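Next come the structures, one after another.
Both complexes shown next keep chain A, but they swap its partner, so chain B is in the first and chain C is in the second.
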Partner chain A sequence: MVKVFIYPSNSLILSDLIDRFGHEPLAVMREVGKKIRTAGLDSPPINITPEDPKIGLKYAAVEVPSGVRGRMALLGPLLEEAEAAVIVMEPDIAFGCMGCARTNELVNFLVRTKDIPILELDYPRTEEDAKAFVHMIHDFTDGLGKGDK
Partner chain B sequence: MNDDDIISKMIVLHSTFTLPSDVVIRIYESKADITVKETCFGLIIEGKRSVVDEVAREIRTIDPNRIFIKERGVPPGDPYRCRVGRGGGPKPGFHQHETEFTFLPYITSALEEIERGEGKGKKMTRSLPIHIETFKDIIEKEVA
Partner chain C sequence: MAKESLVRIAQLSCGSEYSGIQKEIDTAASMVNAEIIFPEISIDEVRSVEDNFGFKVASPDLKLMMARAKAIVEGRTMADAVLIASCFRCAEGALVRNEIRRYIYANSKIPVISYSFTERTTSSTLLTRLEALTTTARRRSLLAREHQEGLTAGVDSGSTTTKAVIMKDDEIIGTGWVSTIKVVESANEALEKALAEAGITRDDVQAIGVTGYGRFLLSEEFNADLVQEEITVNSKGAVYLANSQHGSSTVIDIGGMDNKAIAVQDGIPGMFTMGGICAGASGRFLEMTSKRLGVDITELGDLAVKGMQQNVEMNSYCIVFGIQSLVNSLAKGSAQEDVAAAACYSVVEQVFEQQLQEIDVKEPLIMVGGSSLIEGVPKAMEELLKIKVTVPPHSQYIGAVGAALLVSGFIDK
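Entry: the complex of A and B
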C-alpha cells in the first residue's frame, strides 16, 4: 500500500478512488481530526492555534502570511509522508473563502520538489472527461503496485 | 496512525436503489461498536479506526460503485459544524461536497467500465490556451 497525497486535500472523489484502488489517501481531514480530538484549551472551534504558524515556518518564510503557514502546519506532515501524489490543477473549490491560492501554489511546488510519482489532472467538466479521470487514476495507482487490501 | 484513534468517515450515497437506512441496518447487523448518524447525503460513522475501516469496507460491498467514502475531520453532530446550532446557512465543507456530487454518476459509470475491463488507457482531453496570433486575428475581426 502506497501513501498517496491528494490535492485538493479534502476531495471525496480522490480520497475514495485512492482508497478503493488499494492505497492510503493522505487527506487533510485526518490532520483536522487529530486537532479536534486532542483535548486542550484550543479545542474546537479553533482548528488552527497560534502555535501552527510557527510549525509552518518549516515550509514558508516568516514574512509569508500566517494563513499560509497555518495551513502548511496541516498539509506539511502529509507532504512529508507522501510516496506518490494525485494533483488536480486549478480546482474551482480551492479558491474563495475556503481556499488560499498561495498555499495551493506552495503545496504544488513542494510536491514537485519531492522525487515521487505524480499524476496531474484537470477537474472533469464532461462525462467523457470524468470517465477518463477515473481511468487515469486507476492506471496510475495500478502502476504504484498492488494494494494489500 | 494508531488503530485505537477515534475517527469519523462520511459515507456518501449516489444510488437510486440503496438508501441510507439499508446501510444503517447492515451496520446494526454487524454489531460493530461505532456511532452512526443518518444524513441527507448518506451516513457519518465514528469509532475506533480499526472498526470504522472494517465497517467501511463492508458497507462498500453493498453497492460498490455507488457508495463513496472519505474520512471526516469532525465528529457527527459537532456543534460547531452542525447547522442546528449555527442558525442555518451552508455548513463548512458543503461547497466541496456540492461540486463533487454532480460528478458522482460519471464516476460510477467509469468504475463500471473498469469492472468490465473496458476503457484502459483512456486520457482526458486537455483544451490548450488560445495562441496569441489567433487571439489577435479574433480581435481584429471583431473590432473591424
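Entry: the complex of A and C
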C-alpha cells in the first residue's frame, strides 16, 4: 500500500478511488478528523486554533496570510508523508476545493518538488472523459505496486 | 450590557476558520447579542457568480463570498447586518472584500463592516466593531435623534484623555477634560469639572451616556443610561456639531491610540474602519513630537502651519522610527516649524494610506478628537485629499457630546 497525496485535498471521489484501488489516500479529511476528535479543543467549526497558522510557518513565511498558513498546517504533514500524488487540474468546485488559490498554488508547487510519482489529470467534463479519468488513476495506482510497507 | 433584540449578522469571509479565529468572531457576536449566519446558496450560484458579479477571481471562497453577497442584496437571505472578513495581506481577498462592501452599501440599507484578520485577532478586537454594527442595525430610531433635550451628561473615557460634557436643550453648558490615569477617578474628575462649569450637581442630570475604552467600567460607576462604542457616538456627535445631519459626510478621528474613519449617511455610520496597528499614525506620535520640540501640544498646530512638511522626510508606520526621523532632521538643522508640519503630515498620510482607502470619502469631511485642534493636522489632510476639512466647535469633546445627545432619548418623559 502506497500513501497517495490527492489534489484537491478534500475530494471524496479521489479519496475513494485511491482507497478502492488498494492504496492509502492522503486527504485533508483525515487531518480535520484528528482535530475534531482531539479532546479539549474547542474552536468550531473544524477545531483549528490560532496555533495552527503558527505551525504553518514551517511551509510559508509570516508575511503569508494566516488562512494559507492554517491550511498548510493541515496539508503540510500530508505532503511530507506522500509517496505518490494524483493532481486534478482545474476541478469543478463540487469535486473538491480548499477555497484559497494561493494555498493551491503552494501545495501544487511543493508536491512537485518531491521525488515521487505524480499523475496530473485534467478534470473530466464528459462521461467519456470521466471513464478515461478513472482508468488512468487505476493504471497509475496499479503501477505503484505495493509500496515499501 | 443590557439584553437587546437579536441581530443576525451575515458573515462573508475567506480564511477565518483556517486562521483559527472563527470562535473569536462568534464570541464577539454573542457579547453584543448577535448571531452569525452564513447565507445558504446553491453551488450553481457560486459557479455563475463571476459572470453575474463581474469580478473574476481565482479563490473559490471569494466566489462564495460574492454569491452570498448577492443573496443578501437580492433578499434571499434575511440579514440585519453584514461582516466581511478576509486574511490580512491577501491582495485578492482585499480586492473582493472592498468591492463586496461597496456593492452591499450601494444596493441595500444593511449596515456593513469589513475587517482583515490575522491569527492574533481576538474577540476583544472585534467587539467595538460588532457593537457599532449591531447598534446601527437595531437602533436606527435612536440614531435618528437630531436634537438634545433636557439636561444630560456624556462621558468619553479615551485611552489618553477623559472628556465630559453637560448639555441642556441643545447647548453645551459645561465641559471637563483630564488626562486618563485611572478610568473611574479620571471620569469622576472630568464630570465634576463639567458640572461645576454648568453650575449644577449630579442629581440635576436626567440621563448620562458613556463611551470610550473605559465605558463598561463607567457604566457601573455612573449607572449610565447609555453605554455606547465610539463609532456611533462620534458619528452622531460630529454631524451634530458640524450641523451636517442630513446627507453624506465623512468623519475622521485621530485618537491617542487608534484612528477611526467613518462614512456617515444622515447621521448613521455606514462603512467604517478602525486602525491602530502602529502608534506612528496616532495622536501619541504628535504628543511625543511636541515634547521633543519642547512645546506644549496645544502649540504644535500653530508651529506646523508655519512650516513646510516637504523640507523634512518623515513617513513611518512605527513611532520609534518616526521619532528617529524627527531627531535626525533636527540634528541636520531643520526648522522646528518644518518638523512640526512633517509630523502632522506623516500622521495624516498614514491614516490616508491605511484607512481612507477602505471607505468612500464624501464631503463634508469632518475631523474630530483632540488631534483636530492641532491646526497642522486638518491642514495636512486638506493638502492630501484636496478637499476642505471641517473642524466643528468642541471637536475635542466629540464622543461626550454624541453620548449626551443620544442619551437624551432615554430621559423619562
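Here is the rule we go by: the second predicted complex is superposed on the first by the 136 of 149 C-alpha atoms of A that agree within 3 Å, B and C clash if a C-alpha of one lies under 4 Å from a C-alpha of the other, contacts with A are read in each partner's own complex, and residues count from 1 in each chain.
One rule holds in what follows: a contact is a pair of C-beta atoms (placed from the backbone, for glycine too) under 8 Å apart; a residue touches a chain by one contact, two chains touch by 3 or more.
Note that this is a predicted model, so its numbers are computed, not measured.
Chemist: Who touches more of chain A, chain B or chain C?
Modeler: Residues of chain A touched, chain B against chain C: more for B.
Chemist: Once the structures are superposed on A, label A:I93 by its partner contacts, choosing first (chain B), second (chain C), both or neither.
Modeler: Touch partners of A:I93: chain B and chain C.
Chemist: Looking at A:H135 after the superposition, I want to know if it touches chain B, chain C, both of them or none. Which is it: first, second, both, neither?
Modeler: first
Chemist: Applying the document's definition of touch, where does A:I36 land relative to chain B and chain C: first, second, both, or neither?
Modeler: Touch partner of A:I36: chain B, not chain C.
Chemist: Is A:V68 touching anything from chain B or chain C once the two structures are fitted on A? First, second, both or neither.
Modeler: second
Chemist: From the superposed pair, tell me which chain A residues show up as contacts to chain B and also as contacts to chain C.
Modeler: In the superposed arrangement, which is not itself an observed complex, chain A uses residues 44-45, 92-93 for both chain B and chain C.
Chemist: Quick one: which bits of chain A touch chain B in the complex? Just the residue numbers, please.
Modeler: Interface residues on the chain A side: 8, 10-13, 15-17, 19-20, 25, 27-37, 44-45, 47, 92-93, 96, 98, 121-122, 124, 127-136, 138-139, 149.
Chemist: Looking at the complex, which residues from chain C come into contact with chain A?
Modeler: Touch residues, chain C against chain A: 14-23, 26, 43, 46-47, 57-61, 63-64, 86-90, 92-93, 117-120.
Chemist: Show which residues of chain A lie in contact with chain C when the two form their complex.
Modeler: 42-46, 48-54, 63-71, 74, 92-94, 97, 99-102
Chemist: Within the complex, which stretch of chain B touches chain A?
Modeler: Within the complex, chain B contacts chain A at residues 1, 5-8, 10, 12, 57, 60, 68-75, 78, 80, 92-93, 95-97, 99-100, 103-104, 106-107, 109-111, 113-114, 119-126.
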